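Below you'll find the structure, written out as structure tokens, and then a few comments.
Every chain is named by a letter (A, B, C and D) in the order it is written, and numbering of its residues begins at 1.
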Amino acid sequence: MTLKVGVIGTGMIGQDHVRRITQVLSGADIVAVSDANADVAREVAAGLKEATVHATGQQLIDDPNVDAVIVTSSGPTHEEYVVASIAAGKPVFCEKPLATTTEGCRNIMAAEVAHGSRLVQVGFMRRYDAAYRALKVTIDAGTVGAPLMYYSGHRNPSVPESYTKDMAIVDTAVHDFDVTRWLLGEEFAAIRVIAAKPNSHGGELLDPLLMILETDSGVLVNVETSVNIRYGYDIRGEVVGETGTAALADRGLVVLRSSHHVGGAVPADWRERFIDAYDVELQEWINAVVAGEGASGPSSWDGFAAQVVCDAGVDALHSGERVEIELGDKPALYA
Amino acid sequence: MTLKVGVIGTGMIGQDHVRRITQVLSGADIVAVSDANADVAREVAAGLKEATVHATGQQLIDDPNVDAVIVTSSGPTHEEYVVASIAAGKPVFCEKPLATTTEGCRNIMAAEVAHGSRLVQVGFMRRYDAAYRALKVTIDAGTVGAPLMYYSGHRNPSVPESYTKDMAIVDTAVHDFDVTRWLLGEEFAAIRVIAAKPNSHGGELLDPLLMILETDSGVLVNVETSVNIRYGYDIRGEVVGETGTAALADRGLVVLRSSHHVGGAVPADWRERFIDAYDVELQEWINAVVAGEGASGPSSWDGFAAQVVCDAGVDALHSGERVEIELGDKPALYA
Amino acid sequence: MTLKVGVIGTGMIGQDHVRRITQVLSGADIVAVSDANADVAREVAAGLKEATVHATGQQLIDDPNVDAVIVTSSGPTHEEYVVASIAAGKPVFCEKPLATTTEGCRNIMAAEVAHGSRLVQVGFMRRYDAAYRALKVTIDAGTVGAPLMYYSGHRNPSVPESYTKDMAIVDTAVHDFDVTRWLLGEEFAAIRVIAAKPNSHGGELLDPLLMILETDSGVLVNVETSVNIRYGYDIRGEVVGETGTAALADRGLVVLRSSHHVGGAVPADWRERFIDAYDVELQEWINAVVAGEGASGPSSWDGFAAQVVCDAGVDALHSGERVEIELGDKPALYA
Amino acid sequence: MTLKVGVIGTGMIGQDHVRRITQVLSGADIVAVSDANADVAREVAAGLKEATVHATGQQLIDDPNVDAVIVTSSGPTHEEYVVASIAAGKPVFCEKPLATTTEGCRNIMAAEVAHGSRLVQVGFMRRYDAAYRALKVTIDAGTVGAPLMYYSGHRNPSVPESYTKDMAIVDTAVHDFDVTRWLLGEEFAAIRVIAAKPNSHGGELLDPLLMILETDSGVLVNVETSVNIRYGYDIRGEVVGETGTAALADRGLVVLRSSHHVGGAVPADWRERFIDAYDVELQEWINAVVAGEGASGPSSWDGFAAQVVCDAGVDALHSGERVEIELGDKPALYA
């Protein structure tokens, strides 16, 4: 059986998922699209075998031909479409953020809990990256003993003009927050944010930032965001355990000896670094939905937790204080 | 449009391609299977949506519902099925060897030339491996200058009892021959084979073997086969150019610091090392066939050239002499 | 000319310097020794060509045959011997700590300033390590742009029973403090200390510890001490600059491919890691003294600054607060 | 006791050893020098405390104040001075070649055997390099099983105009021959030499060259000389054993992430690569001589064996044939 997918929001990321599902992955087809800009939606549909263009996301969700929904519209619209998908009983894959407020995330969880089973998957693609998965296997196998610290480095060569001070936390470090929660299998309890000497390429931004988080069990987590570091897109991660450490390896495919240097390439951007992870993420979502599981991977709870940590991080950035993180009780659905 | 594929030979590799096309790749379906062991073919078909089981490969080729053929039957049957596919005007993907004799390869080329366009692709999957592709890009960009030497290391932890002396050349090194021809963009002119001190785990085998090849332009190519080396499945490659060198990088995803060592994992077997290459290989074949190109990648000529080099290698192994390699004229179809 | 050196304190480190000067380095001889345990001093002298055993450090300093003094006695005695050496106008190499209190360090500086030229060198041997020197060259060359952050990892496989809570700062991290001041060429302005989840091999210790320091210009410095991490003695360092990063490389001499792993060795202990640095340190001291410079490398000011940072670190550890670091004016002698 | 050393030949290498002994090492002094160019000898002596300038090497050897001799004069004079040193019963350190003919080497061995104990050490400094020593420890420990193959790569950025065709063997690969004999603990039995496609920077030279040697037990040894490869001075070595491999690690001290690359530096020249090895070599020689051992490390037999392999290599280069290597019986003195 082929999963019939509708995509709400056919901008850059939406189009990339359309390409992925129609040209790369197995088991799904795009049968419907919609976008705030109807021309864009029509253009995307024109490149497909047979896809309905809907005037609104709600109509797409209501389309009986649509089995499952992908939400790649702008962040503020996510909550509405995810809740509507749940109301329609349809599996929904939502790019981060799940919602722009913790209140929105709670609304989604309430709807999903009322529905009684998972329907929502959030697009934290790092969990599908081969290197992160190998790192998690290493940790879980006890190879380095119990984790005590984790270093997460998030380095971008540059950011657009539109990038604001808080985005280092809510847009950049949010990935580090999620993947660390997943690697360590526990929640964060507190966060401090300290600005380093500013990079002169960063204008008014506080860049780099150092975030120091504590998990419930006391693991110390360091997140560095350096978003103007020029040399490449470099995602670093090292867990320090009781008896050893394990780190994400560099990814160069070729060792070059040239001009008195020996070494490999650093990825140019997130696309190069995580293209395979996106493929695996969507394929596993398709497989789970086809298998009747509604969703797999990052849940509404994960989207909510990330949002709470981001809010605490922004507070910590502005106040200069250590801010405690309170998630409240986790619904049994997400146990 | 979905490409309707028939698979002749549903043993281990055939089943793997069936899984790949139905569960991983995009754009194709398995509509027919056949196998010397009809029970196996029926079992494989039972796991599919709707696939005809044919009594013979010829019947499968003749099935009007079959758009394209994959030949994964035993080596000695390849020539017959490939020639029949060409006769039927159907694209055919054939696992190596293209044929077990150079005469067989010539017959296939003659049929394809008579047909007037390419229909045959040979399964040399290394050309689709990301690291080899990056190495070729580096060479072609001139980053290390003109290639002067190439080292190719082919290491297996162990081989089955059935592995014979010549197989180090015709079954193992054949991959190194093909990928080196492709990396350097030229043909081999001569080969010597020298046995090293034998590995005590190798029984009567001559293992490791060192093969020294010369290309038409004089590039020296060293191929080492070590097929009982225990430590892992390790494929090495380094081109020595006029101004630098470029080598396949190690593939460990995690850097582990533990017990006074720091480093990464070596793949356990060829499946782990090349699983992604097989996926890319078949997807590109599907894409090419759907686009009406008949084939892409390794051609009948490549299958033929590999066979000639293997024959010369076996001669060199038995005689202890330097054996010249003569390919004859290359048909314009393969220019 | 051969420099005639007297050694006060002939315990483990003192004996190692005696060995170094008599068997490894050029340009100096040991002519006098003394130790709180006279038997030990006599035993060491017995192994030398011709060395006087003095009853006290003061007598050794007063010995007209002694050109220069090495102080390797217990920490609390350093101040007295260093001040006495200055009073005698003799160059003195003092292992860390220069003194156990900042007051003691100030006394030494006052005596040296009164003397009018440098006579004191403090034993911060990391500055003589080839890798740290290469890192400093890289930073100073501007290869990674202005430094914005620095990560310093100090990992020991284990510590003796006698190791107390504060020693992670005053005995372990003190090396990181000094070498970071030297690498960055500036002073520290503040320190925070945060304990991670405790290593179960560390008993009552707070281990690992994370120290976050700020320099005068705002560079953020992370110092991790993990002193029960079992896997080896591993000194890490990475500077994050505006356009790149530079890190201490791993030191394995051999790349081993064995049992599905590829990698190198991690040093077993500080001796293996820094043995060469000690040699270079003492040779450069000998050369400077023979050249009439009195001292080179780490000065009394450096010993003092390290002490102030350690005191602030201990305050920060106990209070949980960010503690500011005040060094006061630097005497012109140390400019 | 201080060893009183006389140096015959005060050109570049002689001066370097003078510097080493007077400024770096322990336990020796330079008391006499001589050189074909008396002005140079006088200039070198002027920089020393107290050194006699002798008109001839023979006079220096006869000087009763000279305990031991270093021969760094031009190659053709080595035999005479080494034999004279033996006749005088004085330990002699001779830079390679021991003699320019195997006949000369035999004469030296005959003299030394007649003397009855070792007095001669040949300057094959690679045996004192930390990485090669770690490699030998690894091999001898059986970590990779019995050695079956060895790859030796000898790469120079460029060579002077005066470099001739045979020098790739007698001047360059001779180091690979010696260090491989030492690593494997056995002699060579045969050699083939094959020229690769010539490097366009190498003029009329055959460069790179591939030499394939067989040891007595059948280990296959590959020596690559690439002496115009521009990118750096890069000495590679990898032993392939029955269960794994071990290789010389790259030597970069700093890992740099910059401009989309991550990696380390390659040495610029042999001096940078082997400076430490020269220090260790001479210090061990001094220690052995002071201890009354006459010599340690590479012996006259090693100098002879290297010469025989070089001669066979030149034969193989010119004839294109596999040339057998015959050393004859090894005198018991060198067992």
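Assume a residue touches a chain if its C-beta (ideal position, glycine included) is under 8 Å from a C-beta of that chain, and two chains touch if they have at least 3 such contacts.
As the structure is a prediction and not an experimental result, all values here were calculated from the model.
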Over half of the residue-numbered contact pairs in common: that is the test. Which of A-B, B-D or A-D passes it against B-C? A-D
Of the pairs C-D and A-D, which shows more C-beta pairs in contact? C-D
Separation of the C-alpha centres, chain A versus chain C, in whole Å, is 45
Determine the centre-to-centre distance between chain C and chain D, using the mean Cα coordinates as centres, and give it in whole Å. 38
Taking each chain's mean CA coordinate, chain A and chain D are separated, in whole Å, by 58
Would you pick out the residues of chain B that each touch at least 2 other chains? 144, 230-231, 243-245, 252, 255-259, 264-265
In the complex, go through chain B and note every residue touching chain D. 144-149, 151, 194-201, 208, 210, 212, 215, 217-220, 222, 224, 226, 228-231, 240-245
In the complex, chain A touches chain B at residues 22-27, 130-131, 133-135, 138, 143-144, 243-249, 252-259, 264-265, 283
Across the complex, what residues on chain B touch chain C? 230-232, 234, 250, 252, 255-266, 268
